């Protein structure tokens, strides 16, 4: 809880007179609202679901995911997310968490990756296994500092391409990610927009995804976050776990380096 | 000796510059290739939406800061393409305009082709004093008409700005609502009325 | 901005109607039969189905009391999303027996009712849904008397709205 | 049977603070799904919390409580290692009961 929020809560607690006199902006009031809902995150349930899926035998090969290598060795989950995306030798490409989970589900369990990628997100009626698995994995990096590498030439390239995708304007509205996320202290409707070219903002944004969205009543993964940004950008749909999404994730993850991972988050 | 050293430095620098430039354009080309490959049709949002027109490509390349000459050239081109209403009438219904301004819908893959697009105005602008949920990406338009009046000239300018904001600022964030056929002529007139009608909440 | 002291026009009833299970409970309570905290607080269907504050209070056998400084109601002034609005009700009164939370413009105005056994503090935090900007009203019963606090929460549109 | 709850209980200065997060859709019965069909009402109606066989909280919920209900309250007493039991029932008669140990705050 930051000082501002404490002050705000105190303001609310003291009631009428003080709140009326103080110059509290609407953005501060929104911050106060967020603080009030920050405890008791239903994403915990998705984490629990993901953990049991991780340990459950599944697929034609009747295997669990416990031998999945997320970059820190087979079966190491703790801290893995703080170093993703990264280059994987076995697949020969840079992968983010969801792309890597897809590889593991396909190679270890024999599941059909295309089928999973065709419906990768939870809906009101049906939870998503890959999404819950992602929630579980990220939860195991809570408090660990983001340390995503660009040492490998492919990692460096992914970062550079991601940066370009970030300012790629197209579609009927001429929007790019940068249209909304390259200016400080602006908001869309009541929603403060992080300037993702600024370290502090990029860190705060990246380390709080995946997140439980109260407006949807669902825990949403990072791939979903990008997917829905592109939807509102009036773009066509990015293919799940595609190179374009992984590269963009790489750009954003590297921008968040140095900050302790704080997800899964809780958002509007 | 000194001159030689200097020439050497310049040579190395320009070589480095050249190879850096080559690497840059290689990455640009690869980005375009990846984007083209990794986006797919969904609903009304067809894959070819990622194909950039000239202005989009230039604004992406220059991070929205076009060199002065290029900027005025592009703005001129965009301005020329503005189609003003044949009847030279611009003031629609401000009430319909307010509804449009409130709506953030339109042209996403979850919208249907037959659903009319919203204006998305409040997403980025303050308009009516009554609506507190307004964005700040664009300037406040509160009292827009009160400040400017609503002469025919102002009406034309306002219509043109909504029709194609890029005619005034080549790499503006604002969509080209008329140019890209997002809004109809009648819808743009309703928005003009929202901004200019003395009875509109924008001017109260 | 703050509506703490603003009187809400809810309409007043002049007589306390005792009826239904709530009335019976009140009766038992009065003779001390249900003091143990094992009180079978039945789910009051009439109250939870009530479409207005009057109807809900009627079903609970309560006359809307005046605002009281001894009730602290904490709600956000603005909620970015009406589906989760945090509400905390705290009271400095002793022997708090019951806390109820209402949203005056919801289709079902009574959101939750808490029976507080002795030994449990007179406070509770929960989260409610709000269909639109409305007043959140807290009703507290302590030592057999009712007290109230109310505050407005503005429900706004967040995000891109697409 | 419902899905598990998340219960946290911490004792400090002789007062135990209990935080409960329940997994439940809390359908109002007024909402339409994507196909336009009305989703029937389905919500928790009663929550009970017990400590050493005595009730420490009894709540009745209506349709206006948020999805995945959250509840926080405090009671006098409690010691680290002792158990808190929480159970709920919904309008369809579904039930769930979970237990958690009190920790020292």
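In this document, chain identifiers A, B, C and D correspond to the written order of the chains, with residue numbering beginning at 1 in each.
Convention: contacts are C-beta pairs under 8 Å (C-beta built on N, C-alpha and C of every residue); 3 or more make two chains touch, one makes a residue touch a chain.
Everything numeric here is computed off the predicted structure, so don't read it as measured data.
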Of A-C and C-D, pair with higher C-beta contact tally: C-D
Where subunit C and subunit D are represented by their mean Cα positions, the distance between them in whole Å: 18
Length of the line joining the C-alpha centres of subunit B and subunit C, rounded to whole Å: 49
Rounded Å distance between subunit A and subunit C, as computed from the means of their C-alpha atoms: 38
Touching two or more other chains - residues of subunit D: 66-67, 70, 72
Contacts with 2+ other chains: residues of subunit B: 104, 108, 110, 122-123, 132-133
Sites on subunit A at which at least two other chains make contact: 26, 188-191, 214, 217, 231-232
Chain-to-chain touches, reported pairwise for every pair that qualifies: A-B, A-C, A-D, B-C, C-D
Subunit B residues within the subunit C interface of the complex: 102-106, 108, 110-111, 118, 120, 122-123, 132-133
Residue ranges of subunit C touching subunit B (in the complex, touch as defined): 78, 154, 156-158, 160-162
Interface residues, subunit D side, partner subunit C - complex: 15, 26, 28, 30, 45-46, 54-67, 69-77
Subunit B residues within the subunit A interface of the complex: 27-28, 30-31, 34-35, 37-42, 45-52, 55-57, 59-60, 63-64, 104, 107-110, 122-124, 132-137, 166, 173, 175-176, 180-182
Subunit D partner contacts - residues on subunit A that touch it in the complex: 39-42, 44-45, 48, 124, 214, 217
